[in-house]
Amino acid sequence: MITGEGIVKTFKQRGNVLGAREVRALRGVDFAIPKGGAASFIGESGCGKTTLGRIIAGLETYDAGELTVDGLAMSALKPKQRQPHFRKIQLIHQDPYSALNPTRTIHQTLNAPLTLRAKQTGRSKAWIEERAAEVLSLVGLDPGSVLARYPHQLSGGMRQRVVIARALTVDPEMLVADEAVSMIDVSLRLGILALLKDLRERLGVAVLFITHDVATSRYIGDDGELYVIYRGQVVERGPVDTVIADPVHPYTQSLLSAIPVLHGLERPGEQPVAPVESMEDGQDESGCLFAPRCPFRGERCGERPLLQVTEGIAQEHACFYPERRSVVARPMSEV
Amino acid sequence: MTVIARRLAGHLARGIVMVLVVATISFFIVRNIPGDPVAARYQKLLEQGMSPEAAERATAVMYGFLPKGTLWEQYADYMTGLFRFDLGVSVTHPGSPVTSVLGEAAKWTVLPVLAGTLLSFLVGVIMGVYAAIKRSGKLGDFLAISGSLLHGVPQYVLALLMGAIFTTLIPVLPQGGTADILFEPGFNAGYIGSLIEHATLPVVTYALASYGGWILAMKSSVVTVLGDDFILAAELRGMKRTIIFRYVARNAILPLFTILALSLGLLFGGAIFIEKIFNYPGLGFLLIDSVVNRDYALMGGAFLLITAAIIVANILADLFYTVIDPRVRSGEEASA
Amino acid sequence: GGGTTNQSSSGGGGGGGGLFTTIDVNRPGIDASAPANPYNPKGNSFLGYNAMKLAWVKNHLTDPNQFYPGIAESWELAPDNSAITIKLQPNNKWSDGKPVTAEDVKLSIGIAYTQGSTAFALTPGAAGAAAEVEVVDDKTVKVTQDMTNPSSKFARGVLDTFVAPAHIWGSVLPTDFWDKLKASRGEGADAEKAREEITALGEKIITFAPEKDVSAGPFILERANPGEALLVKNKNFYNAASVAPDQVKFLNYTGNEQIWNYLISGKLDHAGFTAAPADVMNRIKQAPGTNIIKGYSPVAVGMAFNQTKKPYDNVHVRRGLAYLIDRAEVTKVASPEGGTPAVTTSGIHQKAAQEWLGAELNNLEPYNADPAKAEEEFKAAGLQKKDGKWALADGSPWKVTMTAPSGFSDWISAQENIKGQLVEAGVDAEVVTVADYPLYLEEIAAGKYDVGFWLIALGPAPYDIYQRLYGASNGWTNVAGKIKHAAPGKSGNWMGGAEKVEVDGTEINPGELTGKLNSVSAEEAKPIMLQLAKAANQDLPVIQLWDYVNTQFTNTSRFTGFPEQDSDLLRLPAGVWIQLGMVKKSS
Amino acid sequence: MSSAILETTSTAATMRRNFWRGVWRVMKRKPSRLVGAVIVLGFAFMGVFGPMFYPDVLPRDTSRLYAPMSAEHWFGTDGQGRDVLAQVITGSRYVLLSALVTAVITVVLGTAIGLFSGFKRGRWDTVLMRLTDMKLTIPGLPLLLVLSTVWSFGSAIEMGLLLGLLGWGGVARAVRSQTLSLRERGFIEAARGLGLSTTHIVGKELLPSMAPYIAMNMLIAVTGAVYAQVGLFFLGVLPYEADNWGVMLNLSVFGGGALTTTAALPYMLAPLLAILLLTLGIVLVVDAMDEIFNPRLREE
Amino acid sequence: MPGQAPGVRIDGLTVVYKTPAGELPAVRDVSLRLEPGTITGIVGESGSGKSTLALSLLNAVQPPGRIAAGSVDIDGLGDVVGLRGEELRKARGRHVGYVFQAAQNSLNPLKTVGKQVLDLGRSHGVEDLRGLVRDAKELLGRMGLDGARVLDSHQHELSGGMRQRVGIMLALVLNAHLVVLDEPTTALDMITQANILKIVREVHAERGLTTLVITHDIGVVAEVADRLAVMYGGRLVEQGPTRQVLGDPRHPYTKGLIRAIPRLTGDISEARALPGRPPTLATVPERGCVFRDRCELRMDVCETDDPAATAHGDRIVACHAVKVREHA
């Protein structure tokens, strides 16, 4: 079980004597991912998804709030003590090519963490070789043909599988997949998504899926939760299918409306929401962060809404005027 | 413009610290030099046939020009002097403050090196564009390899070769000196002609030595820009060749201007070998001379001046960049 | 003063021009901003041109007291050397029209005290110091010597003095200067303080910058740049009528190769002594009008031993080495034009040695290269030869480590050549250099080197000749006429020779004998010189390698009347030749 | 599982063979690069074995000082009547050895500092980079000139040491920026996430990726060091060293009049040519390395 | 003067790149028709030759590539493949507007957008530069931007979506009626993408353009294109009206591709990835069908013969299996 409470992260861009620029990447994010569970973070570019993922994987520090791994508050621990906990949370990078060292073969890449593990648990060399082949098989690769290769000799999909295999060498409890399929050819994406889902089912690994493509978030399991993030804040949260089918936050609705409709296979939603175009600079920091772009802006929007549960709505949301709108396209066959 | 002001403030603070550090380092290095300038002078006088006692007494006077007091007192004096642009008194040029000796020599370094730098910059940039455009051909290869070679070869090799050619084999150019004394200094054809005649070898050699660097830098810069998407985009929009060339040139030359500004920092110390080989009385020459003569004050001063010039050039280069590049100007940090 | 220049006369072409081009070899690097001040080492004051001395010292083989007139027209030396009376040129004027007077001379002598000259020394008891300076009349000055520690070079010390115009320089000395000088004569704290004050004035004088050049010499400084200096004729000079050139151009030089180039291109009318390799010399000789004058130069170079170090403490080792080294070859390689191989190693320049020693010179062992004798000597020293290599008596390896200051290319060449010769003879050798001359001097004096090169035979004064062998560097110091000896390794005694040496069966103290040379007459000096020559030749504190030859270059295309070979004018600047009226325009 | 290992090694061997074949192809494409490699190897051979062909003290022939070029003396003789070519060859060891020392120190120090700085970031980075900036700002040659007066250069190693201590700035800066950019590459982060040791990350992940780059820097450092020391010897600010290229230049110009007459010209030209040739060789080899190690071109 | 909405006929186009392994075709024997006034979409995975094809429309394939065979006939221009020098340059921008794949970086970083518009005008001999700027401002305003401000801005002062709109403006400002958009929305986020697509559609209609949109995202094509062409390994494997192709794909690759799209609604268990991996220049088979390695309908003939593109009504499909089925 991994939970976060009010996680805040502000980047100070290195300035000079007279001042630094601040980027508020996360403004108090709460989340909870149960053992073997699944969650997706979606949102526009720059909303803080990667930052959150990296914090969860222990690769980035946070400024306020608390991250709890299996009941242990991480901020209370020394960096050295934190490490074994964070090792259970493995990050899968967006770019599978840069995630693999081009000068090392897959064999070498897998061996390094396995050797470490073998040393810790007192296992033999043979185990290392065995295990390397095993994790490769787990991700659907043929160890015989892959082990001796260099990353550039593999396709994008294979590379991403290797990356996942490498994460599996440490028996993680959770995989944080940051846009894990966005750089993979369309025809192969589903393969990776299916693999993640399969790993969940077979190994009980929790998956945190970070994406800007809402559709992919469905593929890690129907028990998954969806977190919609806007400018460092969670604006809507609920079971994946609920949020997709009945979004209540205007931002979620805009996001879903923007997804292209496969004319010929689907018909568009009836009430699409288009956000009011606004300049990106000079962003307003007071009140509801989405208000300047919100077509349904009301009087209360001068205040900052908190994530809340309101009556008649299944999911949590951060909007003073929540309303279900049918925005997503439906398959032709459904009607 | 606040960006510039902010940068300037930071730079100045750092620059001053740097100058002080260098001054301190050079002070302590120089004071630890073994060997005694007075003894050296004494033996020189002997060689010139002066009797030993006379030589001894003649050199005794020079003690007056040596710094006095403990090392720390000397240091304090030196550093406070620094703030008044007082670098002490030279032993080999008694009676002239170091600053004026440096000033005289700087004159003869700055102009030729400036001329040489600009000349090589001009030619190098043009050839660099050629080398980039013809990079897959024989001409490009030749330009690139010759550029690397000229860039790679140390200055003194070029200077010696130039010297061998133009003073030994075909002795057409004067070797050493600044101008024929018979010409009244001033703005007259004779004097300026003589100045140019004397400066030709150093300037051309310096230009040749730095030309390689420019051609390489420009070539790689142009190649980079040519690969940039906006150039292809301009082409696809049907922009005229001349306009595209201007796009390439402006974008490619931008980083070179910074290097140019930086290399101007070498104005003062950039031509040590050339000055030595062509006996041109500039700062580099003065530095060697002061080293050989154990002239503490002069050596320290020359070294400090050379370093300070580089620091100033660094600052100017950065500010310059801030001014000419709209990306930096608007406060967006250029990714280094 | 000074007129406008004739710009068309640049370059130096054309016959019989009014421009005399020369180079001041003693002073590389013209400092364009330096004052026209003869006391300033970088000053734009050129000896014999716009800087004048009372008289000009002749380049005599043995007599230090022979002069050509300068500011002084004539002089009279008391028979006992106790006083000199100087008569100034009667018609001499400064370039600004003021006459040159005895007061100018007195002021100049005052300045000389601050600068530490031989005759005008502040140190009590210094040899050959003046006791009194007296202005006899407007054109006459009398200087008496302090006879407690007299020197045969007294006259030289007095006459070899710059003369500066009192109306320009008067301010550099305080009004009570002469009282202070008197006060400085005694012993005690007051005297010491006075001496310090006077020495401190030296600094002020060196930095003094007259607004314009006022000279009593044949020329005045017109202008200077870092490459050249221009002087124009001084119409007020006493012998102006005989001064041929209208202008003098001084070329700067910073490396000898520049002088060579100028000479090859026939640019220079005169250049002082410059060593040049053979091929360069040939090219210079081929330049039209080139004329090379050679003459006596009272310096020799010796390979000096640190006798505190083994095995150089053994005279047989030193002799063995002397027999091994072919000095002719060394000279040929190192200084083919600037030196002649030393015939003996007497410590005296070959030319002067003939005068001092006469026929006795031929009786000195010449140490001609002779490996057999060398072997004998080494054996006598107890050295062993193993596998063709000489080792020390205890069997440990022996390597002759010769040190030279870097930049002294002739010394290094010589050492390289000696190294080659020694290695061939089975003596291991190496050449080590130190960064520069000051360091070399400091370290050799500290006794850090086994073997190094050392300038000797600084004539013509007999005392100066041997002072380099049996002086401070070998333990003897002369304070107020008293000779003291310090033990090897102490007080700068790095040579570490024996205090007494046996010559012809009698033991002598070479240091004391050297000290005596200071005050005795030439005739009295001769037997002492012989004794010392024998001592030096037998005991070999140094192996004299070559005697320097003064090689001057002139070019007769534009001017004639230069000194002959071996002339006693050779070591004087060409400015003196000009002012004496020797140099004429060629037709 | 041993079969897997076997297969791995054999494939690795193939990879290596492919690499060498790639090298050969790059070399062959421009024959000048082969020339470069031959030159560099030639110099290495000269430095190692050259002096063995000559006696410790070269024979001199005082009847032939500054002899012109001839079949017997390809580059004539010097002022001592010694063969100039022999001096260039025997002198190469000092020059190349100290250059190698310099290059090693430069690269090792530069890499270590750059790696540390780029890897640790934070305060250490700031401090080290300020230091590096400072080092880079202080002009090298003038500093060397001033230092030459305090430092006595006993041996080639010592010379190389000083030059190395002065030269690491550029490499440190470059390695740091490489490290920073590699750090951004996911595989370093992944290694940290897997709990791999810093030693592993630096030694096995970072360094190999930078190895070609470092090797190129090393070659360039070699030339830089050769220039610096030959230059200092040429200026005569360093103690004389028999059979040294810089000393040869110094003696030919200031003693032999190479810039005045033609007699000593071959004496000066020989070391100059040696430097030119070495530069050419290294330029060509670096050009080839650039292509061999360029990841874009490495992907076949 | 460019005519209204030109038609384009690409015939037998082959484009090769010179590689260490020789000249390899990135586009092979492609024939395609762009009907006047329509939006045609080309989809294909990375490396399938989409950009190369698009560049061929301007005869602008960059070295080491070259058009090896075929023709590109544009109404009012003729065969572009034969155009050279000034003629070609004038055609670019004036007749054919091109919106660059990386429109993010398609602007000169040192010049303001306005200045670049002027440069464009000068390049094409526009006399009324003032009018041109006015047009530019109008176009930008049409796309929801503050024209004056944008013209006065440097590239780095604009957001991704704004840059892309500036790219479209530059393609249209000279009144080109054939517009090629190469990956117009890659690297933009969802909402911006929707916005750009809307603009493309509207501007297309308003100005009467012939438009070619190239993308790897079927959704984008589905959103804007009238006709759809699918590229694989340098070949056009299927083309036809968008709805028809999406609703009833014929070519096994098209089928697989559509099945592999993660969908927002509906049964997720139907979705499946294609096995194998897309070919690269080096791995594209020299002979035979390019898709056969991943094809479940592979037959022997696929190994040896390149399937010809055959028309099936409105649809053109290049597959042996489809032909067999049709005949059957």
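A, B, C, D and E are the chain letters, set down in written order, and residue numbers restart from 1 in every chain.
One rule holds in what follows: a residue touches a chain if its C-beta (ideal position, glycine included) is under 8 Å from a C-beta of that chain, and two chains touch if they have at least 3 such contacts.
By chain, with names taken from UniProt: A, E = ABC transporter ATP-binding protein; B, D = ABC transporter permease.
What you see is a predicted model; the values in this text were computed from it and never measured.
Listed by label, the chains that touch subunit D (ABC transporter permease) and also subunit E are A, B.
Fewest steps needed to get from subunit A to subunit C, stepping only to touching chains, is 2. The pair with more inter-chain C-beta contacts, choosing from C-D and A-E, is A-E.
The chain with its Cα centroid farthest from the Cα centroid of subunit E is C.
Averaging Cα atoms per chain gives one point for each, and the point farthest from that of subunit A is the centre of C. Centre-to-centre spacing of subunit A and subunit D (ABC transporter permease) amounts to 49 Å, using the average Cα coordinate of each chain. Measuring from the averaged C-alpha position of subunit A to that of subunit B (ABC transporter permease) gives a distance of 55 Å.
Centres computed as Cα averages put subunit B (ABC transporter permease) at a distance of 25 Å from subunit D (ABC transporter permease). Residue positions 148-149, 236-237, 253, 259-262 of subunit D (ABC transporter permease) are each in touch with at least two other chains.
The multi-chain contact residues of subunit C, meaning those touching 2 or more other chains, are 255, 257, 261, 407, 435-436. Residue positions of subunit A touching 2 or more other chains: none. Interface residues of subunit A, counted against subunit D (ABC transporter permease) in their complex, comprise 57-59, 83-84, 86-87, 90-91, 93-95, 98-105, 107-109, 112-113, 116, 126, 129-130, 133, 143-144, 147-150, 152, 163, 166-167, 169-170. Chain contact summary for the complex, subunit D (ABC transporter permease) toward subunit A: residues 1, 4-5, 7-8, 11-12, 15, 184-187, 189-197, 200, 204-205, 208-209, 211, 295, 298-299. The touching residues of subunit B (ABC transporter permease), counted against subunit D (ABC transporter permease) in their complex, run 18, 21-22, 25-26, 29-30, 32-35, 141, 145, 148-149, 152-157, 160-161, 163-164, 167-169, 175, 266, 269, 272-273, 276-277, 284, 287-288, 291-292, 294, 299, 302-303, 306-307, 310-311, 314, 336.
Residues 4-7, 9-11, 19, 26, 29, 31-35, 37, 40-43, 114-118, 121, 126-127, 153, 157, 199-200, 202-203, 206-209, 223-230, 247, 249, 251-255, 257-258, 261, 265, 297-299, 407, 435-443, 455, 458, 461, 464, 467-468, 471, 571 of subunit C are the ones touching subunit B (ABC transporter permease) in the complex. In the complex of the two chains, the subunit E residues touching subunit A come out as 45-46, 144, 159, 189-191, 193-195, 197, 216-220, 222-223, 242-247, 256-258, 260-266, 268, 271-274, 277-278.
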